[in-house]
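So, here's a batch of structures to check.
In what follows, chain A forms one complex with chain B and a second complex with chain C.
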Partner chain A sequence: MKKLITILLLTCSLMTVSAQYPDGKQLLERIDRNMSSENRIFTSSMIIYGRRTTHTVKMKTWTAGEKKSFTEYLFPAREQGTKMLKLEEQLWIYSPSTDRIIQIAGHMLRQSVMGSDLSYEDLMEDNRLEGQYDAKVTGTEVIDGNQCWVVELKAVVPEIAYQGMKLWVDQERNIPLREEMYAKGGTLLKRTELSDVQRIGNRWYPRKILFRDMLRDGKGTEFLIEDIEFNVQIPEHIFSKASLKK
Partner chain B sequence: MIRFLFKGLIRDRNRSLLPFLVTAIGVMLTVVFHAWITGVINNSIEFSARFSSGHVKIMTQAYADNAAQTPNDLAIIGTDTLLEAVSAAYPEMDFASRIYFAGLIDVPDSTGETRAQGPAIGIAIDLLSGNNEEKERMNIPSSLRRGRLPATGKEALLSDEFAGKLGISPGETFTLVGTSMLGELTMYNFILSGTVDFGTTALDRGTLIADLSDVREALNMADAAGEVLGFFKSGVYAEEEAIEISERFNARYFSEDDEFSPVMKTLSMQNNMGFLVEYSGKLQNILIAVFILAMSLILWNAGLLGGLRRYGEFGMRLAIGEEKSHVYKTMLLESLIIGFFASVTGLAFGMLIAFYLQEKGVDLGMMMKNASIMMPRVFRAQITPWTWVAGFIPGFLSTQIGTMLAGAGIYKRQTAQLFKELES
Partner chain C sequence: MLALKLALRNLLGAGLRTWLNVIVLSFSFIIIIWTKGLLAGWDRQARNDMIEWEVGQGQYWQSNYDPYDPFTLNESHETLPESYRSAAEANLLVPVLITQGSIYPQGRMQPVLIKGIPPEQQLLKLPTGLLSSDDGDIPGILGKSMAESTGLSEGDYVTVRWRDRNGTFDATEVRIAGIFETTVPSVDVGQVWLALEDLQKMMLMPGEATILVRGSNAVALPADEAWVVKEQKELLSDIENIIKAKGMIGVIIWGILLMMAMLAVFDTQVLSIFRRQKEIGTYIALGMTRRQVVGLFTTEGAMHSVLAALVGALYGIPLLTMQALRGVAIPVSSSDFGIAMAERLYPVYSLSLIVGTVLIVMIVTTIVSYWPSRKIAKLNPTEALRGRMQ
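For the complex of A and B:
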């Protein structure tokens, strides 16, 4: 009888704990409302901490949905005027020093941008989580004094950069404060720390993200959003090859 | 006496023909085999030295740990100063900076759009300073197939096969898409001045050769180089001297606490070349030992057969009072004559074949179609002073040893039994 009561109590307590966790799908929707948008224009800096040197790259990016993106490098002088256009899975790069537009093969999208810990996909894609991943909240943890949900994500679409993710989502602001990205085989590929979360319009958004590519040496890359506008009108001609040489 | 034995050998060919043929063929095979193996090993060592490892190589410690990936972000900075210092400290060597890099070659069409693309392995060497050492070291002038060598900045060479695949001809422009020392994506335009064919599958598949200053500009590597290669002025790799120089260099420059401190490695410390260097040194001894052993066994058997055939003759000679030692000595003298002439004949034929293989070489390109290691496509034999010794002396000795073993039976014959044996 004692055993039966213990089992019942344990089951009830587990059910209670489980009921306290939010639904994974709903949580992803709330994250997407903060992190994703129809389109956006932002100016950012990447401080790349290499094994030997630290260098900074500054750029302006126009993104529409998940498939169109255009980036222009503003700094350093050597890179100034270099532009990148990404449409679907195709990437073109224009270099003013050669006056050439070169198409980069699809697999290159997962390569490092300018020696940073970000890939072209990381930089130029604004993928929504909901619809691409199944999510399950597995616990809670505190990060920098913020109570977070620990969420495990599993991709439901095959063509996606990271087949698995683990997020630490701020319970109050519904924004990830830490992310881990995994390959299909379970290898940890990247880790990010999101901070300096600010209120921009009706959403919370991190102005600073520290990326760490776990497969290479280095101290990571700080990605700083200097200014960002969401859901503004972007002329269609921006996302054309003609705009690369302008 | 020698004349008498010589006449006997000529008149009774059964006595001389088999040992002569066996020894001559054996000597010929040994000479060819020795020259071929020596050539293949030395071709590989020399090729590796000229194209990749140098007789010694200086890299940063961090670069050396991942040298196969040519991580130019870990390259040596301040190579001009380092070159001056090592050239003064080690006058017996020539030093040269090189950058090895990977990139994408993009060929535009008339509108500037991509017409063809292919991955390339790049080698940046001194092409334009007026010093021809590096060009000659890599056989670039003699490898030129189309066009001409770069004469000004922004001109480059592509391997002929690669240029053919890309459909680009001398005079046309192409773009190198690569990664800078800081990891940035870089694009740099070159004019194709000519094409080269090294006769090496790994190089001919997709190589770009450009001047060091252009590649430094393209990859944002001012006064930097991935590797500084050192070559003995004699042109010949000397293991002990190389080790001594590297120890002196490392004692002065290398620091375990600084992963960017330069470290010098000898040829034998790189790319498993140590095995080849060591093997090359021991080769002659191994070959000679194997030859003597194998030939002695064969000639022993030939001698036994000859001894059986001449059983009656030896019995008769012993029966009429000839000393056993004298019979044995005449046998040895006969084998000395056979050994000498057979070795000379085998050596002559072997040298002819070895010389042909040395001059013409053998194209093994088909066997190395997918080889990723840097090896010459055409291998050549190499005749060295040891090649003469490796064939002649063992050929001479093996006939003696074979006869000594076979002739030992003479001492077992009992004089008392000889007439009985002869009667039967």
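For the complex of A and C:
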């Protein structure tokens, strides 16, 4: 009888704890509301920490949904005027020095951009989490003084880059402050640290993201959002090859 | 016969001038034969190595596969038809699955081609036996150039990252089971070889391959829409074109050498005719026709090449034989060129090469000797006898 009471008490306490955790699906929806948008225009700086040197690239990006993106490099001078257009799985790069457009596709999309920890895909994609992953809140942790939910994500669709992810989601602002991307076999591939979260319109958004490819050495690549606008009208001609040479 | 004897006596009588011309001409002989022999040797070595390491007796390519277009790799895999599969099991075909990925040696990322090949294959010289493993780990082999560029050695573990057929990232540790030395950079530079079954599992592509290498005993397989036949000749055409292009440089070099030798012969001929006008007049006075005198001088000039062939043979035969046996060391690594080139090249001198070169040099020397000799036909014999310059 004593044992039964103990088991009942334990079960009740566990249920209480799990009831305190939010529903994973709803949490992903809230994250997507903050992080994803129909389209966006932003100016950013990418600080690439190399083995010996650090260099900064400044760019302006127009993104519509998950499939269309256009980026123009503004700084440094030698990269100024370089433009990238991504449509579906294809990417075109225009280099003003050669006045030529070259196409990048397939695996090359996963190559590092200018030696950074970001691939072309990382740089130009805006994938929603909801519908792609099954989420389960497994605990709480504090990151930089912010109480976070620890959320484990498992892909529910086969065609996805990362089968597993782990997020540390700010409980108040519903924004991930840390993300870890895992390979199918469980190897940690990438980690991003999101900080300087600010209120932009009706959403919270991180102004600073530190990307780290966990398989390589180095301090990673810092991505600073200088200016961002969500859900603004972007003319369709921006996402055309003709705009690369303009 | 008289002209020949006379020509030889005159030539030997000229002493040092003749021997200088002969030596320069003999250099041309030797260098032409040496450069052509070297290219022929390179051609033979490159062809043999390409066949033994990569091309086999021909290949079947999955219809989307284009080695020059990495965009095609994602779509270039296919399950083997039944007849092909039984040929592969009989070791008449070697299936190779090719995909792209990245490796992380010493914390650096490097894009690579990941190739899967059956460990038990014996058609290609790749040491694929090292890819068998019972320990549950994934063994891989690398070429020497790749090992040097990545700093990997036998026994090291390296992280390999790839995307499976669904585009999902995966990563694993690969143990470097062996490093092979090859002269064929297209099986070495920028690639890692794994066991076919391991790669098929990693890519979620069971029983699939990108190319099939045909062995010498391979029977003709029925045509299949998904597989394109690539004949050996076609697969070797790139290396042949490169060697042909290199051959052009050789032609230019020996063209310059030949021209220099011919200039010397031409100069000697002009000088002879100018200085030996009395002699020419005497020949005509003694009853030789102008044509015979022209013939005599042309023979004299042409005999330079005969003497040059003899002198060239004296030092050239031992020199060229030694090089054919010992080979010529190539100071740079073959991978620097991106083409199959051994560290030592063994020149090949065929009979047609030697006879052809001798004939070309003799014909050109004869033409060059005849050119200034034509002037004799215009000489006035009485003026010539008096030794007056004309």
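A few notes on this one:
As a working rule, the second predicted complex is superposed on the first by the 246 of 246 C-alpha atoms of A that agree within 3 Å, B and C clash if a C-alpha of one lies under 4 Å from a C-alpha of the other, contacts with A are read in each partner's own complex, and residues count from 1 in each chain.
Please note the rule applied: a contact is a pair of C-beta atoms (placed from the backbone, for glycine too) under 8 Å apart; a residue touches a chain by one contact, two chains touch by 3 or more.
None of these values were measured; they are calculated from a predicted model.
Superposition model on chain A: chain B and chain C are shown in a clashing arrangement. Touch criterion met: A:E79 reaches chain B, while chain C stays clear of it.
By the touch criterion defined above, A:K184 lies against chain C but remains apart from chain B after alignment on the C-alpha atoms of chain A. Once the two complexes are overlaid on the shared chain, A:H55 sits against chain B while remaining clear of chain C. Of the two partner chains placed by the overlay, neither chain B nor chain C lies in contact with A:K154.
In the superposed pair of complexes, A:I101 makes contact with chain B only, with no contact to chain C. Once the two complexes are laid over each other on the shared chain, residue contacts for A:S112 go to chain B and to chain C alike. In the superposed model, A:K246 lies in contact with neither chain B nor chain C. In the overlay built on the shared chain, the residue A:Q163 is in contact with chain C alone; chain B does not reach it. Overlap of the chain B and chain C contact sets on chain A: residues 103, 105, 112. Touching chain A in their complex are the following residues of chain C: 70-71, 73-74, 100-102, 104, 106-109, 111, 159, 161, 163-164, 166-172.
Within the complex formed with chain A, the residues of chain B that make contact are 62, 73-74, 106, 108, 112-114, 117, 175, 177, 179-180, 182-189, 220, 259-260. Of all the residues in chain A, the ones that touch chain B in their complex are 48, 50-53, 55, 57, 78-79, 82, 93, 95, 97-105, 112-116. The residues of chain A lying in touch with chain C in their complex are 103, 105-108, 110-112, 155, 158-163, 181, 183-185, 187, 189, 213, 215-218.
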